[in-house]
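Heads up, the next two complexes both have chain A, just with different partners, chain B and then chain C.
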Partner chain A sequence: MKALVDTPVATRLEAAARRDRGARRAALGKAAAVCVAPAAVFLLVLIAYPLSRVFWSAFHYVNLTNPTVSGFARLDNFTTVFEDEHFWPSLWRTCEWTVVSVVGEYALGLASAVALAQPIRARSVFRAIVIIPWVIPIVVAGLNWTWMLTPDYGVLNIWMVKLGLMAKPYYWLGNLNSALLTVSFVNIWRSFPFYTISLLAALLSVPREILESAAMDAAGPIRRFVYITMPELKIVSLTLIFIHVIWTAINFDFIWVMTQGGPYNASETLPIMIYRYAMEDFDVGAASALAMMTMGFMLAVFFIYWYGARSSSRESATW
Partner chain B sequence: MVTSGFERRTRAGATYATLALFAVYCLFPFLWMVDTALKPPGEVRSLNPTFWIVNPTLENFRHVLTDGNFLAYFRNSVIVAGGATALSLMIAIFCGYALSRFPREPITRTVGGALLMSQMIPGVLLLAPIYILMRELGLLSTYRALIIVYCTFAIPLCSFMLKGFFDGVPGELEDAAEMDGCSRFGFIYRILLPLAAPGILATALFCFVTAWNEFLFGYVLINDEARRTLTPGIMVFKGPHLTDWGALMAAAVLAVVPVAVFFVYLQRFLMEGLTTGAVKG
Partner chain C sequence: MKRLTIGLAAAALAVCGFGAPALADPVTLHFWVAWSPQQADAVGAKKEIAAYEQAHPDVKIDVQNITYDALHDKLLTALAGGDAPDLSWGLPEWLGELSRMGALRDMTEEAKTWPDRSAIYPNVIDALTIDGHLLAMPHYLGIRALLVHEDMLKAAGVASPPKTWDELIADSQAIKQKTGKFGFGIAGTGVRSPQELIMYLAQNGVSLAERQPDGKYRNTWLDDKAKLANATDVFAFYKNLLDKGVINPDGASWGWEEEDTNFGLGQYAMVIDGAWMESRETQNPEAMKDVTISAPPYKEKPATFFEINPFYVYKAGKHPKETWDFVAFMNGKEFQEAVHPNNSPRSDVTTDSKWGRGFTVLAPTGVVFPPVPLGAVTRDMIETLGQTLLKNEEPEAVARWLAASINKDLKQAGELSGN
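Moving on to the complex of A and B:
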C-alpha cells in the first residue's frame, strides 16, 4: 500500500490535485470579489466618502451657500458648537429622549412578548395587531397622534377631561415641559413591536424542561421568570437595547414631524441641531463637528455593549 | 406543566387582559385615523367626538385625490421606492450570494462587516456631505438622487435578508449544476433565483416599504413640488397654521394602504427576518 502511494505517478496526481485546489480557491476568491464589488462601490461612494467629508469639514470652514468661505479652521467649529447655548440642553434632552423611549419600548415589548408566549387562542391575530404600529410610516404616526392630541378637538384631550382625569384640555405638544415626553410616548408606541417580535422569538426558545423542573421544585411563576427566563433573554435584550439606543438617539423624523424641535427648542435633540446647522444656518463645518461628536458618543455606546455582551457570554460559557 | 389550577386560571386571565389592553393601544390610533378620514368637517371638529359617524362621507378622499398634488406625490413615491428596490436588489442578489456561499473569503468578510457597520451610521450625520455631493452631481430635486441615496440603507438590508434565503438553497444543487456544466451566473439565474423567489419577493417588498416610509432625504433633497415624495408631501399638506384634519387623515390612510397590503404577505417572513438581524426599525 505504502509503496503505491509513494510511486511517482501518485505523487504527481496529488500535486495536480493540489494545484487544482489552489486554482479553485483563487477562482472562488475572484468570484466573491466580483459579486461584492458593486455593493462595495456603493458603500465607498455613499458612506465612506461622505464620512470622510464629515471629518474634513469638521476642521474647515465650509458654508453650504457661500463658496468663498474656506480654509483650515482648527477647532473653531467645535468651539462654535460648545459655545452654542442650545448644545448642552440638547445633549441632555437627547439622553432623556433616548432613555425614556428605550426603557418604555423595552417594558412594553417584554410585557407583550410574555403575554403572546402563553398558550392562548388566536395568537396570530394578536401578533398581527401588535405589529400594526410598526407598519405605519413615522410621518403618518406622528401626524395621527398630533391630531389626537390637539388641544381644541383632539379626542384624547376631550375624553380625558370627560373621564375627569384633567380639568381642561392640555396642549401636550405645545408646552415646554411636556413636548419631548409626548413625542417619546408616541415613539414608544411606534417602536415597541420590534422588541415584541424579537423577544417573542427568544421566549419561545426557552427550554420547557427547565421551566417544568423548576415548577416541580415549587418555584413560583415570578421566580421562574426572574431566574430562568430573563437570563435566557439577556443576549437578545442587550442587542435590542444597543441598536435602539443608537437608532433613537439619532432619530430625526419623529421630533421633526411632531414639533420641529419646538416650542422654544424644548424638544430639540442633537440630530435636529445638526439639521439646523446644515440646512438653516448653512454652517456645514459646525454641523460636521457636531456629527463627529455624535459619532464619538455612538462609539462609546458600542464599546459598552461589546464589553457587556462579551462578559455575559463568558459567564454563560462557564455556567 | 405542573402548576396549580389557581395559577393557571389567574395566568390565563392576566394574559387575555394584557392582550386586550395592547390590542386597544395598538389599534385605536389607527382606527381613529380611518374614522376621521370618513367624517364630514362638522363632525371632525366636534367637541363631542365619537366613533359613530352620523353622515359618513368620502368627500375627504375626493378632495385629497383631485385637489392638490397628492396623486403626484404618490406617483413620485412609487417611482423612487420602486427604482431603489430594483437597483438595490440587482446589487444585493450578488452580494447576498457571496455572503451565503463564500462567507470565509477575506473580501466577503470585509464587505459584509462594512455593510453591517453602515447600518449603524445614521443618515442625518451624512446629511450635509450627501446634499453637497448631489448638488455637485446636479442631481438635486431628481428621482435619481433619492434612488441612489436610498440604496445606502436598501443594499445592506437586502443583502442580509437574501443571504438568509440563499442559505436555505442546498449547496449540493450548485455542485450538481456545476458538474452538468452550468456556470456560476447560470446557476444564480436558472436555479438560485427561481428557488428563492418567495424570499426575494419578501425582500423586495420590505425594501419598498422602507424606502416608501423614508422621510429625511426626501424632505431635504427634493425642493421641486412636482418631484416631492409622499412622506414629506403629507407634512406639507399639514400646513403651518390651520389644518384640514379630515383631508390629512384621508391622505395618511392612502399612504398606509400599499404598506398594509404588502405586510399581509410579509407577516410570515417577519419572525425570521427580525431575528437574523437584517431588518432595520
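Moving on to the complex of A and C:
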C-alpha cells in the first residue's frame, strides 16, 4: 500500500494539490488584503497619523501663532505641564469628576433597571421615557441645565425656594464648592439611561429557575439580588464601568458648555487644560504632551481592567 | 439640409462662446461673521450685502455665521490648516495673535488712496496699525459707558451718576439700602471681564504691558513701586465692591450674558456696558425706559474700554482686490448708516440719541489692549478676579501674580522685551 502511495504519480498529484492550496491561499490573502485595505487606510489616516503627530508635537516646540518657535524640545513640554500650578489640581478634579459621575451613573442605572424589570403596567412606556436624557445632545442638555440652574431666573432655584428647600437661590455653577459636583450631577442625569438599558438587558437574562429555587430555599429578595443577580451582571457592569471611566475622564463638552472650567478653575479637568494650552496659550507642544500623558493614564486604566478581567476569568476556570 | 445643420451648429457654438470673450465666473468671497440673525445690525447688514451683490454681479458673498467663541477657534485652526476665509469678523483682542501668525493682509497701500479714509476716527486707524502696517479695517466701535437705571438712583436720593470709584461705592450702598437692589454689576469671568479690568487699570494710570525700545513688550509693575501700588488699588477696588455689598456676590462668576440680562431686567442699578444694550429696550421696554448714559467713574483719570471691533482680511484670500472693495464698502457711509448708526467708526455717522453720541463722546478717553497674543494674558486677568472675589486673596499679591504671569505669557509668545 505504501509503495503505491509513494509512486511518482501520487507525488506529482500531491505536489499539484499543494500548489493549488498555495495558490488558493495566496488568492484568499489578496482578497482579504483588498477587503481590509479601506479599513487600514481609514485607521492610518484618521487614527495613526493624528496620534503620531501628537506624539511628535509632544517632543517639539510647536506654537500655533508663532511660526518661528520650532525645534526638538526633549522633555520641555512635559516639564511645562508638570510645572504648571494647575496640573495637579486638574488631575485630582479629573479623578473626582470621573469617580462621582461613574458611581452615580451606575447606582442610578442599576436602580432604574431593577425597577423597570418589575412586572408593572405600562413598563414599555417607562422604558422609553427613561432613555430620553441619553438622546438629548450634550450641548442642548448642558445649556438647558445652565439656564435652569441660574440663580436669578432659573426655574430649579425658584422651585426649591418655593418648596422651602432653600432660603434663597443658590448659584450652583458659580460657586467653587458646587460647580464640579453640579456638572457631575447633570452628567449622571444624561448618562444613566445607557446603564439602564444595558443592565436591564442583563437582568432579563438572569435564569428565572435559579431565582425561584433560591426563593424556595428561603433566600430573601436582597439575598437573591446580592448572591444571584449581581454576579450575573458582573461582565456587563465591568464593561460599562470601564468604557464610562474612559468616556468621562476625557469628556470635554459637558464641562465646557456649562462652566468652561470655572469659576476660578473649580471645574477644570485635564481635557479643559489641553484645550487651553492649544487654543488660548497656542502651545501645541504642551497640549500634545498633556494629551500623551492623559492617554497614558487611560492605557493604565485599560491594563488594570484587562489584567483584572483575565485573572477573574482564570479564577472562574479554576473553580 | 446638411448646410442648414452645419449653420445652426456654428451659430450655437458662437452663442456658447466660440469666437467671443468668455464670461468670467463670479468671484466668491468667504465672509465669516458672528451676528445674531434677528438683531437690527444683522438684518441691516444682510440687506446691504444683498444690494452689493446686485450692484456687483461678478462678486458673490458667501456668509457663514459662527458664534464668537467658536469663530476664534475655527479661524485659528483654519489659518493653521491653510483654509482661511477671505475676511471675517473678530475681536480686537485677536489682532496680536493673528498678526503674529502672519495671517493678516497689509492694507496700508489701499487705505492710502481710499477716499473715505479721512472719515474714520484717526485713533481707530492707529489702533489697527502695527509697526506702520494697517492690518485690519474697523467694523464698529464698542465704547463702554456707565449705564444707569435713573429711577433707582432717584429712589436712593442720589442726584447724579457717580464720577469716582468712591462715589460709585457710596451711591451703590445708598441704593441697596433704599431699594434692596444691588447698585452695580460686573462681569467676573468670560471675555467681558478683562475688558472691564483693563479699563479700571487705565483709570488708575497703569497698563498691562508697555512697548519697550526693542519693539517688544513688558509688564513693569514689579519694577516700579508706584505702578504696583496703582494696580493693587484696582484689585482692592474689586474687593471693596464685594465686601461693601456694592455688587451681587454671584457677580464674581457672571459672564456678559448674566451682566447684560440682569441689568436689562432691572435687577441692579448701574453697569459699564456698550451701545448694544439698546436692543434690551425692545426686549424689556419697561425696565429699560429709565436708563441714562454717562462716563465711567474713575480714580485717577477718566478712561474707558475702547473696543475697536475689526474686520480681518486674510493674506491667504485669493481675491485681494474684490475683498478690499467689499471691506471698503462696509466702511462706507451708506453701509454704516444702515447697520451701525450709533457706533460707527466714521465720524460722519452718528446719532444724537443717548445710544449714539452718549458713547462716541467718550472715544478720546478710550484704551485698547496691547497688540500682543492675548489668549493667556486675558485668561490670567480672569484668574485674578477669581483670586480677588472668590479666593479672597490680598490685592497686592494678586497684582504681583498678574505682573509675573503677563511677563511669563509674553515670554511664551516670544514677545517679552529683553528676552
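Brief remarks on what is shown
FYI, the second predicted complex is superposed on the first by the 288 of 319 C-alpha atoms of A that agree within 3 Å, B and C clash if a C-alpha of one lies under 4 Å from a C-alpha of the other, contacts with A are read in each partner's own complex, and residues count from 1 in each chain.
As a working rule, contacts are C-beta pairs under 8 Å (C-beta built on N, C-alpha and C of every residue); 3 or more make two chains touch, one makes a residue touch a chain.
A quick note: this is a predicted structure, and the numbers were derived from the prediction, not measured.
Using the contact criterion defined above for the overlaid structures, shared-chain residue A:279 touches chain B and also reaches chain C. In the overlay built on the shared chain, the residue A:308 is in contact with neither chain B nor chain C. Shared-chain residue A:231: touches no atom of chain B or chain C. In the superposed model, A:66 lies in contact with chain C only, and not with chain B.
By the document's definition of touching, of the two partners only chain B reaches A:216; chain C does not. Once the two complexes are overlaid on the shared chain, A:89 sits clear of chain B and of chain C alike.
In the superposition on chain A, contact of A:175 is made with chain C only, not with chain B.
In the overlay built on the shared chain, the residue A:33 is in contact with chain B alone; chain C does not reach it.
Between chain B and chain C, it is B that contacts the larger number of residues in chain A.
Comparing the two interfaces of chain A, the one with chain B and the one with chain C have residues 64, 150, 152-153, 279 in common. Contact residues on chain B toward chain A in their complex (touch as defined above): 1-3, 7, 11-12, 15-16, 18-19, 22-23, 25-27, 29-30, 32-33, 36, 44-49, 90-92, 94-95, 97-99, 102, 105-108, 111-112, 114-115, 118, 120-133, 148-149, 151-152, 155, 159, 184, 209, 212-213, 215-216, 219-220, 231-232, 234-235, 238, 243, 245, 248-249, 252, 255-256, 259-260, 263, 267, 270-271, 274-275, 277, 280-281. If you check the complex, the residues on chain A that touch chain C are 63-69, 150-153, 171, 173-176, 260, 262-265, 276, 279-283. Against chain A, the residues of chain C that register as touching in their complex are 72-73, 76, 80, 97-98, 100-102, 188-190, 250, 252-254, 258, 261-262, 265, 267, 373, 375-376, 379, 382-383, 386-387, 390-391, 409, 412-414.
By the touch criterion given at the top, residues 28-29, 31-36, 38-40, 42-43, 46-47, 49-51, 53-54, 57, 64, 108, 111-112, 115-116, 118, 120, 126, 128-141, 143-145, 147-148, 150, 152-153, 155, 158-159, 189, 191, 193-194, 197-198, 200-201, 208, 211-212, 215-216, 220-221, 239, 243-244, 246-247, 250, 252-253, 256-257, 271, 274-275, 278-279, 284, 287-288, 291, 294-295, 298, 302 of chain A touch chain B in their complex.
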